[in-house]
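Per-chain numbering from 1; labels A, B, C, D and E assigned in written order.
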Amino acid sequence: MSSQDKTAVTMPAASGKTADKVFRWIAYACGILILVVLAAVFLFLLFRAWPLIGGDQAANSKTISDFTGGKATNFWAYVGPLLFGTVLVSALSLLISFFASIGIALFISHYAPKKLATALSYVVDLLAAIPSVIYGLWGGLILVPAIYPFWNWVATYLGWIPLFNGPAANPSRTVATVAVVLAVMILPIITSLSRDIFLQTPRLQEEAALALGATKWEMIKLAVIPFGKSGVVSASMLGLGRALGETMAVLMILSPGLTYSFKLLQASQNQTIAANIAAQYPEANDLGVSVLIGTGLVLFLITFVVNYVARRITEKKVA
Amino acid sequence: MADLTQDPKASLAGAPVIDFDKFKPSRSFVASRKRKDMAMRVLISLAFVVACIPLVSVLWTTIANGVKRLNLNFLSYNMTGVVGGNPTPSGGYGGVFHAIIGTLEITGGAMIISIPIGLMCAVYLVEYAHGGKLAQTITLLVDVMSGIPSIVAGLFAFSMFTILIGPGSVNGFAGSVALSLLMLPTVVKSSEEMLKIVPGDLREASYALGVTKQRTITKIVLRTALPGIVSGCILAIARVIGETAPLIMTAGFIVSTNFNLFDGKMATLPVYVYQEYSTLYANCAPSAGPECVATIPMERSWAAALVLILIVLILNGIGRLVAKVFAVKSER
Amino acid sequence: MGQRIDVNHLNIYYGNFLAVEDVNINIEPNKVTAFIGPSGCGKSTVLRTLDRMHEIIPGAHVKGEVLLEGKNLYDKDVDPVSVRRDVGMVFQRPNPFPTMSIRENVLAGVRLNNRKISKSDADDLVEWALRGANLWNEVKDRLDNPGIGLSGGQQQRLCIARAVAVHPQVLLMDEPCSALDPISTLAVEDLIQELKGDYTIVIVTHNMQQAARIADYTAFFNLKAVGQPGHLEYFADTTTMFNNPQNEEAERYVSGRFG
Amino acid sequence: MGQRIDVNHLNIYYGNFLAVEDVNINIEPNKVTAFIGPSGCGKSTVLRTLDRMHEIIPGAHVKGEVLLEGKNLYDKDVDPVSVRRDVGMVFQRPNPFPTMSIRENVLAGVRLNNRKISKSDADDLVEWALRGANLWNEVKDRLDNPGIGLSGGQQQRLCIARAVAVHPQVLLMDEPCSALDPISTLAVEDLIQELKGDYTIVIVTHNMQQAARIADYTAFFNLKAVGQPGHLEYFADTTTMFNNPQNEEAERYVSGRFG
Amino acid sequence: ACGDNTASTDNGSSNNNSSDTTAKSEPISGNFNGAGASSQKSAVDAWVAGFQATNPDAKIAYDPSGSGSGVKTFLTGATAWAGSDKALADEDVDDSKSVCASGTAFDIPVYISPIAVIFNLKGVSDAGKHIKMDAATIAKIFDGKITKWNDPAIADQNKDLELPDLAITVVHRSDKSGTTQNFVSYFKDQAADAWSYDLSENWPNSVGQGAKGTSGVVSTVKQADGTIGYADFSAVGDLGTVAVKVGDTYNEISAEGATKVVDASEIDSSVKGDNRVVVKINHAATGEGVYPILLVSYMIACPEYKDTKTAEFAKSWLTYVTSSEGQKAAAAAAGSAPLPDAIAQKDAASIEAIKTK
């Protein structure tokens, strides 16, 4: 080996030490910033919603009564049905999309031929990025008239179930229709994430199952589902989060109401917080905006709690 | 070692005698398993087909309604001087130029805010925090943050600017702030995943060469993860580029082109889609000729929606391209 | 009892790529047959054709015959699922099902075949399989703990227990010890010696010493160049293979070893 | 030229867990010293303390001294980054930087440290290092191809070239051949024999034959039980270690081997 | 700026004021913002185009964010004027002191638009026929008291129509809206017995379905047989409209009909503040072609601005908007009703109060 060292490389002493420190601090600061941002969201909203708590209560109840046509005069009576509607609509949409999403995700990850799967993956990713205002347009203009016969059929034959009490509203600008639109909207999101997780199932696990003489479905049950469970749960939570906060699609489709009603096929039963904010915000005065921000704060807290609880649950499962 | 090399026979000595016929599947059971497998196959394929119907319908409706007005004129003019259903001097019926500019600038602003922060946050989580208490809290909160409703983000940006700048401050940048709030968790999460899958080997290899941590991270770790980070960011952009409600609140709506992100209202594509939908009909005076199109607002709305989808598509394409160019060549 | 396997003119493909060419080999029942050869020569690939695990890779297929006691596994009317029930497989890296307890892991295969197993039958089977896999004494007090909590060597033996619990006729093992430390390796090697009383065993190994220690027959696979298909170069009983091989390539490989 | 290393009363911790206890060893310059011992006894751990790579694991720290030509690496004023420049390291699995070409990989140590180097100097350095790693002839025509495109053995030699290019005095290798096939292993072993003219080499290996083939001195590490700290059981020149060890445990390990 | 459709439209309809030669002493230049009522949007589009024809360097942006939001923004000083579907509230007038350089803000009517009662009924609306109703009938329908299309209350007024035994689906606005307030104020005045609710911009009962915005109402009405709703005349499209009983006749909707009502209305002189022109709509107006359901929308400005340029703009802008030229442009673009001369003169007097020096 040539022992002659031809290269003249000088070594700068301790170079990069400060850069190292600065970089570290920037990274640290950015980590902290996340906490600061969340706190800021909370505080700014609280600050703007403060007149609700600290302000003139008579003015508040007048504002709220103005919003609701006299149906509610205090904040909780106002936000209660809104919260109910929000949860109802998003829970329904999650219910509808969950199984379909898992089905599609499994189809792409384990059933479809490779070429088709690649193409489908791409389409799903694209669909996941379609703006909700387009789902709103589609839902309001195409789906509403198209789905009425189906709801009518449901109301006629399944009307004995309180949920499906008829007569089905026509046009069906109802919770049921909105739930379908939101389901279609969050379907690609849940699908896309679930597919990624299913694809990550260790080959070894799958082969272990197959080598034991499992059919494909049994293999999925043995290896894929247990592996993907917590990921699918968090994907669903993300979908649920989207549904909880969806504004435009609901605004453009739902005929709102302020009741605690489960009548999915009838109009003017429920309203969601997000859509309500969007509907009332343009014409609201200062106090009105405070009330709306107050409802937004409630929505924020609810999504926070839902997500927090869900993450905690999945975390435990993983550990 | 001794107890492991024990006489193996001894271990089998007490073993129960097993009648394996008991565990043999009955013929009908084998058949039923097969049937079940088939049933699930059909069910899953069916789930796919059924779910495809609405999704295809969404795409199809947008494309079918959108292509009608989608042309160069539509892309290169704004909505100033568009009156009723009448054509403009350029021969079109107004367009989305201003909204495209707004969408690009506002999303660009959101990118500039959230990508560095998100990326550095991911760097902190993966490279520095090592799963400490703070890191766990941040991870959890990032997850939770991904559930923030967009309208809340809008309210936040609106409140923040009202409080900090003063009431009535509407500008594109406030929209950027709202969107960056929505983007941030996606950026952090995806970057984090991507950094995590950079093999520890490479870091060690770099450290072992006497490279500082900062250079190891920027030149090895980030560089190796780059394709994944880019696709993650594109995904995050796609996630926010279609947000409507927060932008109505923060950036407002105008008909002319505004290039200044920091001053004045800014139109964006989703808001444009919504505004045109809200207009629904343009008036045509009874005397107006056939060139006056009463249904033009809805047509513009669909066309703008299609433009939005195309932008998302192009972004995806760019993302894929970038990912490919910077891809880690792993083929042997 | 173990069954014999006869492989006739087997060509194995990944898509259009011919990975292994024209394999002919007779695997004796109740013996241990080892596959050795340089990396990439197709040992794993051949092994996986013996229980039709090969075809789960998209595009992978074979031409030729694999006869299990005279019945061609690749006949049209043969269900791969039932083939895999008769031919068990153990992998290079231990892969217990992470969500299942030790007990459930052992029973996983059996439960697929027969859902209605009485508790006492199941208990007996678990004990039998774990004893068979030389693991009973180590885990009998914690059968309900997750299988993933065991050490690597224990996990590998658990996987063997899981495979034998279905009572296959043949047991295929793809480098079952390569991820294990020497002590665990010893435990698994002992186990293989013992199992051959009941099963036909085929084992892939990188480690010639291991082959020499445990195999009755040894098959030496080789490949002419990277990108070329692998082939079976030489097949002999183990003593011949290591002491007096009648094949120049095999001789070179066996003697020039340093793995 | 290589430098000598003296390890005095070194205790190595992962957090609160004492992984290796009271190591005392003198590593001669320009010799190959091999670390052997059962899995988990702390071979890798000790090796990594010799260039302060140990401490990049969160919570990991040491007590005791490691003297490189008499200077304690763990003195307060010593920058670990510069230690790592003096002491090179090669890992178990070849790990070329996947984003870099062969040439860039070799230059990585220089370039990543932001040192300016002229094109011709760089060319010289690349050739020198690759020749040193016995790889020049195989890759000289494709220096701009990705390093990851090489075969395993070539990659490992590329990593050695990369380590050598920074001009270390000491070269640490943690099971550098365990992921390689026999032919690549031979190439790397040859290289090690050659490199010891210029460097002090410490190599961890699972493979006693390998130690016997290439090492001048061999250190046998052991541990009493899992969960207990490992320790240096016996250190001797290689001939003694394998032919006539003066330590019972070492004797048992060396003779009862089955790796 | 970039992408602007430079010249105003000069083909087709009647808003031909594209007079490059119009001798205006000093064209206005600069950037000016307005915000407010969405109802005015189409009209403002036309006004901006018309205004820019003579003041090509004036850049005017209008955000149809809603009346409330428009007034709010105006009171922060961020806009030169606001559009609103209702007159200023007393607090707003007080608040405006801090925005206007002196005096208080005033509102003038600029946009009058009839509100159509639209319906979708097979065999009637698609045949281009109108349904006749009086105020009480409409009120009862919208209050859920009349639920069938063949209810005698309707049938008696429409002997010539075959009305089906079909449930009526009421469609109303779900958002806060000036249209709603103007619509129900017609009931309050003309059918007080049938309409017991307080006047509000929110829909008061939970009959039927709510929809967001005029477009929501129109598209909902379109989507099913048997629906009835209300919407700005310009958004009616091919839906059926109700002919409303005025005096003894049933009058179809028309812009002129709305102008006549305003002409017959008084100016509310009791309002707080100077220069304000607030119309007390006289829903009881009668006469040929009178159409009593309408919306009067205002523009709000300051008598003196902190910035003279803005003042000059506001003055010139409002002058144009209320001019017959401007009104014609709006009529062509939005189907609105031109301001009656009397109102236009009052507007002009108020506009004259804007100090530009």
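The working rule: a residue touches a chain if its C-beta (ideal position, glycine included) is under 8 Å from a C-beta of that chain, and two chains touch if they have at least 3 such contacts.
Note that the structure is predicted; figures quoted are calculated from it, not measured.
The chains that touch both subunit A and subunit E are B.
Among the chains present, the centre nearest to the common Cα mean is that of B. When every chain is reduced to the mean of its CA atoms, the largest separation from subunit A belongs to D. The interface carrying the most C-beta pairs in contact is the one between chains A-B.
Separating the centre of subunit A from that of subunit C, both taken as means of CA atoms, is a distance of 47 Å.
Mean C-alpha position of subunit C lies 35 Å from that of subunit D. Subunit D and subunit E have centres, each the mean of its CA atoms, that are 84 Å apart. Across the assembly, subunit A contributes 15-17, 215, 218, 251-252, 281 as residues in contact with two or more other chains.
Residue positions 81-82, 85, 113-114, 151 of subunit D each touch two or more of the other chains. The multi-chain contact residues of subunit B, meaning those touching 2 or more other chains, are 33-34, 212, 215, 248, 277.
Those residues of subunit C that touch subunit A in the shared complex are 51, 53, 56, 58-59, 81-82, 84-85, 88-89, 91, 93, 95-99, 108-109, 112-113, 159, 162-163, 166. Contacts from subunit C toward subunit B in the complex involve residues 79, 81-82, 110, 112-115, 117, 121, 124-125, 127-128, 131-132, 134, 136-137, 166-167, 183, 186-187, 190-191, 193-194.
Note for the complex: subunit E touches subunit A at residues 38, 65-69, 72, 167, 169, 174-177, 197-198, 200-206, 208-212, 216, 219-220, 223-227. On the side of subunit B, the complex with subunit C involves touching residues 1, 4-5, 8-9, 11-12, 14-18, 20, 22-26, 29-30, 33-34. For subunit B in complex with subunit D, the touching residues are 130, 199, 201-212, 215-216, 219-220, 223-224, 226, 326, 328-332.
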